[in-house]
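By written order: A, B, C, D, E, F, G and H. Residues from 1 in each chain.
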Amino acid sequence: MITETKKILEGVKNGSISVDDALLKLKTEPYDDLGYAKVDLHRKIRQGAAEVIYGAGKTPGQITGIIDSMLKHDQKQILITRLSPDSADIIKKEYPIMYFNDASIAAIGEFPEPDGIGKVVVATGGTSDIPVAEEAALTAEFFGNEVTRLYDVGVAGLHRLLSHSKEIMNASVIIAVAGMEGALASVIGSMADCPVIAVPTSVGYGSSFNGLSALLSMLNSCASGVSVVNIDNGFGAGYLASRINHMEAKK
Amino acid sequence: MITETKKILEGVKNGSISVDDALLKLKTEPYDDLGYAKVDLHRKIRQGAAEVIYGAGKTPGQITGIIDSMLKHDQKQILITRLSPDSADIIKKEYPIMYFNDASIAAIGEFPEPDGIGKVVVATGGTSDIPVAEEAALTAEFFGNEVTRLYDVGVAGLHRLLSHSKEIMNASVIIAVAGMEGALASVIGSMADCPVIAVPTSVGYGSSFNGLSALLSMLNSCASGVSVVNIDNGFGAGYLASRINHMEAKK
Amino acid sequence: MITETKKILEGVKNGSISVDDALLKLKTEPYDDLGYAKVDLHRKIRQGAAEVIYGAGKTPGQITGIIDSMLKHDQKQILITRLSPDSADIIKKEYPIMYFNDASIAAIGEFPEPDGIGKVVVATGGTSDIPVAEEAALTAEFFGNEVTRLYDVGVAGLHRLLSHSKEIMNASVIIAVAGMEGALASVIGSMADCPVIAVPTSVGYGSSFNGLSALLSMLNSCASGVSVVNIDNGFGAGYLASRINHMEAKK
Amino acid sequence: MITETKKILEGVKNGSISVDDALLKLKTEPYDDLGYAKVDLHRKIRQGAAEVIYGAGKTPGQITGIIDSMLKHDQKQILITRLSPDSADIIKKEYPIMYFNDASIAAIGEFPEPDGIGKVVVATGGTSDIPVAEEAALTAEFFGNEVTRLYDVGVAGLHRLLSHSKEIMNASVIIAVAGMEGALASVIGSMADCPVIAVPTSVGYGSSFNGLSALLSMLNSCASGVSVVNIDNGFGAGYLASRINHMEAKK
Amino acid sequence: MITETKKILEGVKNGSISVDDALLKLKTEPYDDLGYAKVDLHRKIRQGAAEVIYGAGKTPGQITGIIDSMLKHDQKQILITRLSPDSADIIKKEYPIMYFNDASIAAIGEFPEPDGIGKVVVATGGTSDIPVAEEAALTAEFFGNEVTRLYDVGVAGLHRLLSHSKEIMNASVIIAVAGMEGALASVIGSMADCPVIAVPTSVGYGSSFNGLSALLSMLNSCASGVSVVNIDNGFGAGYLASRINHMEAKK
Amino acid sequence: MITETKKILEGVKNGSISVDDALLKLKTEPYDDLGYAKVDLHRKIRQGAAEVIYGAGKTPGQITGIIDSMLKHDQKQILITRLSPDSADIIKKEYPIMYFNDASIAAIGEFPEPDGIGKVVVATGGTSDIPVAEEAALTAEFFGNEVTRLYDVGVAGLHRLLSHSKEIMNASVIIAVAGMEGALASVIGSMADCPVIAVPTSVGYGSSFNGLSALLSMLNSCASGVSVVNIDNGFGAGYLASRINHMEAKK
Amino acid sequence: MITETKKILEGVKNGSISVDDALLKLKTEPYDDLGYAKVDLHRKIRQGAAEVIYGAGKTPGQITGIIDSMLKHDQKQILITRLSPDSADIIKKEYPIMYFNDASIAAIGEFPEPDGIGKVVVATGGTSDIPVAEEAALTAEFFGNEVTRLYDVGVAGLHRLLSHSKEIMNASVIIAVAGMEGALASVIGSMADCPVIAVPTSVGYGSSFNGLSALLSMLNSCASGVSVVNIDNGFGAGYLASRINHMEAKK
Amino acid sequence: MITETKKILEGVKNGSISVDDALLKLKTEPYDDLGYAKVDLHRKIRQGAAEVIYGAGKTPGQITGIIDSMLKHDQKQILITRLSPDSADIIKKEYPIMYFNDASIAAIGEFPEPDGIGKVVVATGGTSDIPVAEEAALTAEFFGNEVTRLYDVGVAGLHRLLSHSKEIMNASVIIAVAGMEGALASVIGSMADCPVIAVPTSVGYGSSFNGLSALLSMLNSCASGVSVVNIDNGFGAGYLASRINHMEAKK
């Protein structure tokens, strides 16, 4: 941002940009205003990579409007999360999306080759946690990470988890997805020496209170190196895992 | 109220009103008792302006009964909030209502010309907050305010908000509508020097707990000049904004 | 902010400011960095008026450091909220503060003459709510408002409130301070036609849950024109009341 | 209970009851065991009056089974609460029930003449609270009380309530039914000198949290003489009101 | 209130009261304004009986100020609740109060002879609930009720309660005071046929959450005829019990 | 587990197992990896008895996949809990399941003869608690326990419970299933001298908060010997009861 | 109870007991009424064993009164839980108590020889959980159980727990004591095949919410065979473990 | 772990380790059992680096016992968190600790040179958040990271934060520490492209509910790349930041 500002100011100084134009530029960020949405075109410029539409609470018409704006601005790789099958069917008529039922995710454009530091492991406590885990896994893959899936390795059958200790020891980042008591994050945290992203899920009943139990459990993990995202927030975990897994680019 | 009481007492003194009639008058307020509702005709007398029916939890039959009572008492401008499309369709057969789908609001009578001090800005964090924002915006317009809409300017893309700093600096009142973490209210509060009415919305999932997260966030805003209304209470925000924006009339 | 940016750019254009200096200026805001605090000197420049230190969680040494910075930058009117008597005693040795025991507030400099649109009424449900109410009242007075105090007018003795209907009808803004069930805000809201700022207090016991009961009650007020600030946030209410009461300046 | 025990013991002493029979009698209470329900026939014996079936969570078949058992044991007056229209339709085919749509209540047998001390007033804050209020009112009537209904007298239009001060001052017991902020109970409590039973309702949205706001508000009422029943528990309020209104029978 | 209004109006008609004086009278209620408190002198006029000061959150100076005002207005019987021993010691120097340590209650004036319909039974689940129970019992006695105390009869030793079934069957009103799981209210409710006032206490630890557990338990009582007051609200229960026990006066 | 490890090591020593094979064996547990589920075959080997599939959140296809894997591994007795009627219908086409509508449980294989120490008593507060109770009762029977059902014996009709004191006194383990205020657990706990497993249910409304009230009540039971499982967790209670009832096998 | 009733009835029949005496006996239970406490002497008669005083919320004077009553009634083994050191010092002057600082427990009389089925294992997640664990362990020992202590074996260092798998596999009952995320209960539950009693502790900070996190976690344990007692309820766990460990006596 | 197992097995095969010794080794992990604590010596072996003692809830004697064990096992760098000044004074007498008052942290041994990928930025919303921030910063430094502190840059004065955009854009990991509404995490998240660890603090009052407001706000952040640790958990954030900042070592 600072560099851009400097360029504008130098333009003012050398007369190539008028004061009013500069003022306008400084105020104008690269987004497309559709009225109901201000499409962020900023990240593409900065990163030249994938962009994400959060599908929940948007009509199919609003979503296609945003897709349209993105494609026009040369944004070719688009991820749409929390998209219902019905909306996907409508959008499919206009754009060539791949739709992943389990994860309620749609994608436009190719998935890139993995280019992160290492592997992202996505583990779940049970079978019912898979939709959230798939949201995380697909997001990570969409942002260029290699993903290993370890599903149904909850602590109720500790041996299932222990038998995958190799994958856990070698992971670059681990995403631990679990509902109910959410103990998976703590147990993985005690086995791993990489960052662990805990995703509480709303799987459970009664005093799980729609994921509150797992959320609190994960926040209070006695294992170090664990942090937590929102209940059922597979996307957030996958995106953060990608950031961590691409750390070396910063050096 | 005091003036009316004085008039009644003077009537008693000069004999134009009997003691029993005066007693009755003092006890009787101008409302129409429909059994299931006591229609407030008080405000009209006092303000000669728009009146509001809260549509949630009322049958179409009850609503038309109330409209009927109002129209009979010369209440020509009526706003109906939280009205489902189905109920709107039924009512439409009897009364000429305008129905705003986004906001679930119906109106009878013309919207007045804006006559407040300045502009009311209605801003939202995202696209999904628009229904609540429209409830606020339409209410403010119905009560005679000029409204500027700034939708989808949440803090995740801070530049979108900053690029509208002029509208924010010049607003008379700002209504900040946001779900999830509700940070919009704090950021707008730090930019504006007018009253900011924060409306938490139930947009979000997991630990947003149907708007609790945004509500608490807004109540704890470290920015001064911010106050909060109930979750999803667009009407309340719009109504209060109108009161503030018409302040000078009090002087 | 925009005007300042324009001035800087024009300076760049006409050569009176170098590009690097402009870049610096654009980035530099008028605050004083004390390490533990970045003292905001912005508001003074913009408003030429009173400034506020939030005393809670700061050591006397930190507070005097901030006072010192402010005085050096010509900030002569300072309000310190949530200041314990002990801290006040320590600070008193260095600076000539007035300390208000009831409100735990200290002030440096004179209170200005009231210059708002009308009167700010501060009402409380009971005697125990007075400390919060005084925080609100003193804040409003410190920012140039005339304040009327109506204490102990809770709904348990409705006639006490009704007998002050004149003050309520004539107010410019009303601050309703109440703990327990917080019904005061709704009843005042039904009597007044000006903005009502509700301040829930932590007064009560048992299921008042330290103000939660009053907070929820006020958020759900069926009276229109009511908004809410944090539990015990007298300062926030007083500050907001002042903003509303000075509205005409915006026109 | 003690008298019955004494009779049994005297029967044992004078030989008219064997030890084993006495033991059995002491253990056996007058209920009818249907497997899925143990129908209480105790109250009839003791009071010769109306009996109640809580309909929620019972199948129509279970309910008719219980009715059948009651009728066989000479229980002629039966109230069925929380009965869905669909279940009512099914039951109607076998038993001559009156069904009250508003209150989701069905009754078998005649409503008795009022024989309590005075009148039971049932007041609501709004129109949407009427179903709960009707549950209370019908229950009170079913148990022999005269009921006065004051609907839609919430504090947002205080005059509507004040204009009924006569009914409130003369009531024997008042049932105050309100959702949202539940201030009705406090205001009525401050006007009345009889017991006030507060019924919070789940009417409202957002931070009303399905009646929690009204519940807490009512529990923290600063008005004396107010007690509270469960959210939406119209039946409980009506039943308790009847007990209080029939107090003199105890003397 | 209505009668007084009528008298005033007749005074206006017959010229004995001027319009302005009448207006003043209609607005003026009998309370004494001490600034920090508006002492309600209304009830005395209406009832000629005892008056109550809620001691919590008031300084000894404020309390003696209120006592002083009351005594001046011929209010000779005063109850002060939630009074700390230290405050009691200070007040004792000026006024002849009786102080009850267990209940943190002070009284001025004689306790009257019981004149209610029947007996008020105050029962507790355990020994630790006694302070709240004594607040209830003393309040009831202060307002002219005969009180029977049944302490430590919690359901953990059901026989202790069953052995007092006679007192429970014969009571006019029962106050059930219990912390922890609060089951006492339900069990007493199933044995009694009089109104039962349940008082949850903050006795317990862990998931009793300072009385929340007992509160919820009592609100959800499956026994009919039970209503609930705030956690630890012995006074409220005693006061309400007195109202119920004096019902016949209404007839 | 230790014995198996020892066997493997001895195999290594005497050459019958290679180092790599041993390493593999130590890491490999007897489960079948279906991708979406890792079927635990461990318990069968250890106990030769029944196995359980938690049906909630699994598709019929996933469930039949797991059944298939189990049957292939000689697991002939299978319990499926929380199975919807629709899923049951689909599975029925492939496998000979018995489906229990009340309990939403399906079973494959014969129920064994009871072989525990004594009887397991399953009691409910009301009729609506029966589904949870049946889940517990069937589970206990499936694991070889004799079960006595005492339904609808809640404390509102205390005599219904007291008349079954013999069953309660003679039980080996008691499962107390109740919603609303959950007092059943405390009352049974005060009568019994065996372990009592309390199962709160989501039966109730309003402030029962979907079972929270009963849960807290049971956790705070003043009766000793009571422990609690999750809301509506009939299976957990039945399984634990079986463990306790088979204690002697450990000696 | 039934046998005693029968004896009384036979006494009535054969004339050795009068009707009035029998009535009295049936109503009288063996407790000693001290006014502030009704000392339960019932259990001694039934079990001839240890008795417990819950010390919290009782004055030293009340406690010595209860001890006195017990000793007079030949109750020689007494456990006093939740006794502060100060109270212990006062009681020590009158009675020869052993006081255990860690557990805040005092005992009168000898600890018996272990006579249960097997060993009770008491495990804690961390060092800070030891006070609660000691309350459980001492209680179990006081009631005749052999106890194995495994302290500081939380899942953060999973190997510490796994290295004690032998003790866990051989236990008769396991008490798992843990704060924070409470995962210990699930992990032990997955290793053991005996009943596991989970005790959440208030150890932790922030979102542990004084034990709520551990409580919810344990209630939602995906491991079967786990039940839960109140937060910090070491006594309850120890007492229940003893009941389970003495099961065979029931056969 | 697997490599060690393999070594042991090869030792068994070649006879250098007996079966019983191998069994023992496989079960024995490198920890020192002090009874009240099992000191983890595992990490040192694996990482040769710093070790941490969680000081809260441990007596000074227990802490010195653990230090003693560590030093004996060549663990020379020890961090002690949540250590009160009083405990620090006691420990200081035996061991040469550095004590950091602000952070309540003590350290034994030298702080290493920074060797991570880049800089860790620690930012706070206000002055009161500094203790938690210092716990994070010192932890990160203790584990070999370079730390930049940005204190008091909360969103109420947005310019203070924006003026440090350079530090934020260049950070390797950012720790955002804030109480009240916790908006800092979202705003930083929208500016940064590195992982952001949000630490809610208990700073605030009223409806901040001891950090709950900030916690929920941060969990619901609409900015991607943000994850959350427990309220006030500076250590956890610092430790995790170090793991992320040392990622490249994994490649």
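FYI, contacts are C-beta pairs under 8 Å (C-beta built on N, C-alpha and C of every residue); 3 or more make two chains touch, one makes a residue touch a chain.
Everything quoted here is computed from the prediction, not taken from an experiment.
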Next on the checklist: Looking only at C-beta pairs that count as contacts, which pair of chains has more of them, A-C or A-H?
Outcome noted: A-H
Checklist entry - Quick one: chain D and chain G, Cα centre-to-centre, how many Å? => result 41
Next on the checklist: Based only on mean CA positions, could you tell me how far chain B sits from chain G in angstrom?
Outcome noted: 58
Checklist outcome for this item: dist(centroid_CA(chain A), centroid_CA(chain D)) in Å evaluates to 54
Item to check | CA centroid of chain A to CA centroid of chain F, Å | outcome: 38
Checklist entry - Out of chain D, which residues touch more than one other chain, so two or more? => result 2, 27, 126, 157, 165, 206-208, 212, 215, 219-220, 224, 230-231
Checklist outcome for this item: Per the touch criterion, the pairs are A-B, A-C, A-F, A-G, A-H, B-C, B-D, B-E, B-H, C-D, C-E, C-H, D-E, D-F, D-G, E-F, E-G, F-G, F-H, G-H
Checklist outcome for this item: Interface with chain A, chain G side, in the complex: residues 125-126, 154-158, 180-183, 186-187, 189-191, 204, 206-209, 212-214, 216-224
Checklist entry - Which positions of chain H touch chain G when the two form their complex? => result 27-29, 31, 35-38, 40, 42, 54, 56-58, 62, 200, 202, 210-212, 215, 230-233
Next on the checklist: Which residues of chain F touch chain G once you look at their complex with the stated criterion?
Outcome noted: 1-2, 46-47, 52, 117-118, 165-166, 169, 172, 193-195, 197, 215, 219-220, 224-231, 235-237, 239-240, 243-245, 247-248, 250-251
Item to check | Residue numbers on chain G that touch chain H, as the complex places them | outcome: 126-128, 130, 151-153, 157, 159-160, 162-163, 165, 203, 205-208
Checklist entry - So in the complex, which bits of chain H are touching chain F? => result 2, 5-6, 9-10, 12-13, 15, 19, 22-23, 26-27
